[in-house]
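Contents: one structure, followed by commentary.
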Amino acid sequence: MKLLLVNPNITEAITAVMVEEARRVAAPETEIVGATAAFGTLYIENRAEAAIAAHAVLEVLAEHVDGFDAAVVAAFGDPGLVAARELMDIPVTGISESALLTAWTLGRRFSIVCMTARLRTWYAECVAEHGLAARLASVRALDVPVTDITRAREELAEPLLALCQRAVVEDEAEVVILGGGPIAGLAHRLAHQLPVPLLDGVSCAVPMAEMLVRLQVRPPTQGSFARPRSKPAKGLSPALTARIHRD
Amino acid sequence: MKLLLVNPNITEAITAVMVEEARRVAAPETEIVGATAAFGTLYIENRAEAAIAAHAVLEVLAEHVDGFDAAVVAAFGDPGLVAARELMDIPVTGISESALLTAWTLGRRFSIVCMTARLRTWYAECVAEHGLAARLASVRALDVPVTDITRAREELAEPLLALCQRAVVEDEAEVVILGGGPIAGLAHRLAHQLPVPLLDGVSCAVPMAEMLVRLQVRPPTQGSFARPRSKPAKGLSPALTARIHRD
Amino acid sequence: MKLLLVNPNITEAITAVMVEEARRVAAPETEIVGATAAFGTLYIENRAEAAIAAHAVLEVLAEHVDGFDAAVVAAFGDPGLVAARELMDIPVTGISESALLTAWTLGRRFSIVCMTARLRTWYAECVAEHGLAARLASVRALDVPVTDITRAREELAEPLLALCQRAVVEDEAEVVILGGGPIAGLAHRLAHQLPVPLLDGVSCAVPMAEMLVRLQVRPPTQGSFARPRSKPAKGLSPALTARIHRD
Amino acid sequence: MKLLLVNPNITEAITAVMVEEARRVAAPETEIVGATAAFGTLYIENRAEAAIAAHAVLEVLAEHVDGFDAAVVAAFGDPGLVAARELMDIPVTGISESALLTAWTLGRRFSIVCMTARLRTWYAECVAEHGLAARLASVRALDVPVTDITRAREELAEPLLALCQRAVVEDEAEVVILGGGPIAGLAHRLAHQLPVPLLDGVSCAVPMAEMLVRLQVRPPTQGSFARPRSKPAKGLSPALTARIHRD
Amino acid sequence: MKLLLVNPNITEAITAVMVEEARRVAAPETEIVGATAAFGTLYIENRAEAAIAAHAVLEVLAEHVDGFDAAVVAAFGDPGLVAARELMDIPVTGISESALLTAWTLGRRFSIVCMTARLRTWYAECVAEHGLAARLASVRALDVPVTDITRAREELAEPLLALCQRAVVEDEAEVVILGGGPIAGLAHRLAHQLPVPLLDGVSCAVPMAEMLVRLQVRPPTQGSFARPRSKPAKGLSPALTARIHRD
Amino acid sequence: MKLLLVNPNITEAITAVMVEEARRVAAPETEIVGATAAFGTLYIENRAEAAIAAHAVLEVLAEHVDGFDAAVVAAFGDPGLVAARELMDIPVTGISESALLTAWTLGRRFSIVCMTARLRTWYAECVAEHGLAARLASVRALDVPVTDITRAREELAEPLLALCQRAVVEDEAEVVILGGGPIAGLAHRLAHQLPVPLLDGVSCAVPMAEMLVRLQVRPPTQGSFARPRSKPAKGLSPALTARIHRD
């Protein structure tokens, strides 16, 4: 099985971190390939950056997706996820949706812990847009500045864990999700220090994608996720144009 | 990996059908063992039968669970699922919860198609109790009598498919779930005849359980899914009593 | 009028406490008879114990209900209540549902105050499952250990009252419900010390049951509360089997 | 026990009909006294008429309530009910709220059947404002003109029953409420012809009021239903002025 | 354009304050005329006073509305607003509805800051009844007594601003609404001291009314806001009677 | 006042239609300037096209916004609206949000009528994402193919009106919104043929923008709509890059 992990921000080092975690959790026979957005921002933490990233995700997928069995949109907040599902013929999972759905099986209330205050607002909106806010206990954010996003995993481990513990004690979270692509893998490392399950997005989205492939779910030919009809386009890459303007 | 599939009704033939489908979708290295409720009804289609089944599920698990890595509660409606998660130290998935969460990744609106009118009411309540009703387009039920529940898979294939098609056309379902343990595997057989993804519970619950095992999620020691404190009990099996009254 | 009060846990002393409170509030012409679960736990405070209790309630009712005009399921959380309504031909009320509905007529926001942290989680879920969470201000729980559940009413009066007062001041509860069968009658004793109405379940469920009898509501022959069709059963008491397998 | 039944419209004949039904369901020791709005409209079927009626209800209560143990606001839609609870020291029930709460104990989905299309809209809003819309299956209305509201009970019995039956079959109502003061008592007469419970407001509101009296619930001294502080008023009756401007 | 500003309480000085603020924000060509309730209370802060005010608003409108292009119901909480829309042929806006809708365009979460604790409860209910509670962060109230409501704007400026700041910091409000007619214009004066937009009702309701006039929206002849059919009335002013009993 | 109308699709002819309607409803002193997306599709009718359009809207605004007092995002569905509010210092309204908020003041239930089935799904999602779905009666779509989107206004007038009438009769819409930029102005032309108010987006969004300018609402410096901190970007236009990477 070949799985394309799409990093919606422009930072290759973050792609590398996420691919590493994806490989850790993937089945032995799954091949993971990373791809990074061609335009956008260093990392994504608000609606404006997410709007740009959603477009970038479609471009990455259009260019790279051929030959893959499934794809993962690998920024927490899932920019472009539902749009990608309209245009692509393979299953696409998102790291926040996958973490939320996994949390659903493990407790009644979950919290998301993330790196910056701005992420907090955006993540809360994302959970609501997924229709999965009913069990959201809280979204908690660090207020320390992130000096180097690629080293966040090391620098922020301790304060993030402290925040997870507060989510358990003060917000009564029964599951905690570490939100943010750059800290992929941290949940796995810290899990044994928390009295409730600790998840992150990449480690949930990869097996979720594998599962959809295994179920052999075919792309719909009806409804709002069927391929849209062809339509003239302008200013997009040839690969994306070809998916939109098909005749 | 060893996975215990618990049939909450008393009919061994249904257990066999579900184990067969579970084996089809399980990873090659997963061993599936079925276990059938020791008390209850022929099959489950209302709140009263589900209440009895929930207790029966706890008894089956208490007796058989040692040595397993995960368990599946294999009646649509998930009787006893959340109760089981309180008492057991391994991940437990349910066939309706798993199908609902999978549907979430494939479309905006899903319908459940089932065998009897009474199931319809109960399934709708179950979806609401899971907190997953926001995208429910409809629950549709056959109104033909089920002469022999163990042969439902054969006898009802055609009318169930017709109902799935109506759910797509009239209710605008973008995903359809065939609800009911006795028809496990039917979704796989009929999927190519429907223009949207067709799921059933067993084929979703097994990989979902495998995924939770792979994520090495540890049982919580805090919150409402931590093991309850010990308490005197009466009239239960020794195995279940031992899980409740632990000192 | 004859009213059967069903205690879903196995502790006869609690049955006695609740029957005493039921007699205090019942109309003079109402006869109250208590019945205790034949299996289950000392008292009920989580989903697993409630699942067992729901089954036990059906068994108690099947065995004792003949000749009664109505029944009360007398554990806060109402285990087995909706299941009982499916199988029985007389009105059945539950002590938490009745308290919630009564609270609805007395204020906009209500709080539930209970004995243990675990009850808190389960009660909150119960309120949501009744579809009555819209006005729930809080569920507050003591964190002192209950040494002897049958003496809770005496030992815990003071700390429970303190918690009620906090619910009024901090959570702005306009009605407070003391949750838990073992403390039946305490609300009546403490009510004059609280600036808002203080309710408990037994004192609401008994007149609610009397009211349904007086309204001469007949059992439905259609819909999800009509008696289910007959179905083979196994491992249940003869009385319950007779209600499920009727031919 | 003395119970004041307040008719929020100006038609004494409707008051008489409702008092008759109230006496039928009241406990033998309960005395029912009717009182009719001094201003307003012939009957109430929209927001504007209800706004006037709410004020009229406060005037009626202020003038007549002394010496009563409880009061019933007897127009479906409950004009002035929550306002009355703020100003009065005795329990006040409303005929729609009481019917809705009673329906809650009898089924999962209820429908309201009423006399005119305009009532339908207003009733649906009322249910939502009570926070009890979660189980509303439908509000159905006759479209025949009401020639004489005081004879509605006779003239409309048959078409209203037909509508109730459609609510059961087409909307899957498990309880039906006949909405509208002028048809008080009709539910009792037609109930045996419907396969699910049929309720009306007066017969639910009277025992609900009796129950609140029996529970000896005291008026709150805190929260939004405590008596408001005194405030100068103008243009109101001396009785209502005295309740608002108390020093 | 002629715009009638209706003050639902009896205090002419408050009418004057609101007319002044209305003139400040109105288009140059808009003429503002104020009218004060003929009966009711000094100001409005609970359900009972609002119920009386709703009737008073209908009376004021019936008497004064001829010749106006639009009207504003100018008490926060909008007493009588929806009733007025049923009876009047011109657009009617309300000061709380207008502020809420404007807030919707400026942030995701808004808070209302008001003068008394009792207002707080009532305002929260009003927001819910408008169906606009989804983004309500908090309603915060002063607890200082209001010695003279007509001087509130001066006396309370500082403590109200402090409360607005707490709403931003503690409740994460992204928009703050100063609620209450007597403090009309204060938002404009204090806005530059708050890091998020600060609104009040009058300054939103006036341009909203102008906009509806400019859109030339015609009164509906169908649905629940079409003029109600004629109906006998009693005890109302000739002007209001004429609108209700039209033949 | 200068107002920038941004067309998120690439079709200049549609920009022209919308600018024409904007000028019709704008105040005499308002200057309207149109700007068209530099990349994207002929028109927008699904999530993928909207994702691209959201990015395009940010690019258009970054390039053109200097010197304007407000902007309107002029595609129904409001692609990029909330993102634009984060990055821009002037008020930005959207044509669907504005129509929804205006509908709120005119009736309890509104329907949206649009040109294609795919729009229907996407519009329903947009309403939900705005948190304004509580009063949505229906979204109805034509199923005729649109041969030339720029002539839709003429060709589709009749079938769209027929659909509006069905929304009133069958869905009980009390307000109807014609959704879609290409048919701007059609609502104004057809309004007199419908028994309830008929709105479209451009005619609501322009006065709403004017109102926000008149209120002198300042851009927030706190909360999730404050300008985001500066961050390196790549592959964006110099104008947009300058807004994101500010140092």
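Labels for the chains are A, B, C, D, E and F, by order of writing; each one numbers its residues from 1.
Going forward, a residue touches a chain if its C-beta (ideal position, glycine included) is under 8 Å from a C-beta of that chain, and two chains touch if they have at least 3 such contacts.
Keep in mind the model is a prediction, meaning the values are calculated, not measured.
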item	value
Chain whose average C-alpha position is farthest from chain F's own	C
Candidate from E-F, B-C or D-E with the same interface as A-B, over half of contact pairs in common	E-F
Chain separated most widely from chain B, comparing mean CA positions	E
Separation of chain A from chain D, taking each centre as the mean of its C-alpha atoms, in whole Å	53
Chain centre separation (chain A, chain F; CA means) in Å	29
Geometric centre distance via CA averages, chain E-chain C, whole Å	44
Junction residues of chain A - those touching two or more other chains	108, 121, 223-224
Sites on chain A touched by chain F in the complex	10, 38-43, 45-52, 54-56, 58, 80, 82-84, 86-87, 118, 121-122, 129, 223-224, 228-229, 231-236, 244
Residues of chain A defined as touching chain B within the complex	25, 27, 91, 93, 97-98, 101-102, 104-109, 130-132, 134-135, 168, 172-174, 191-192, 195-197, 199, 203-204, 207-208, 210-212, 214-218, 220-226
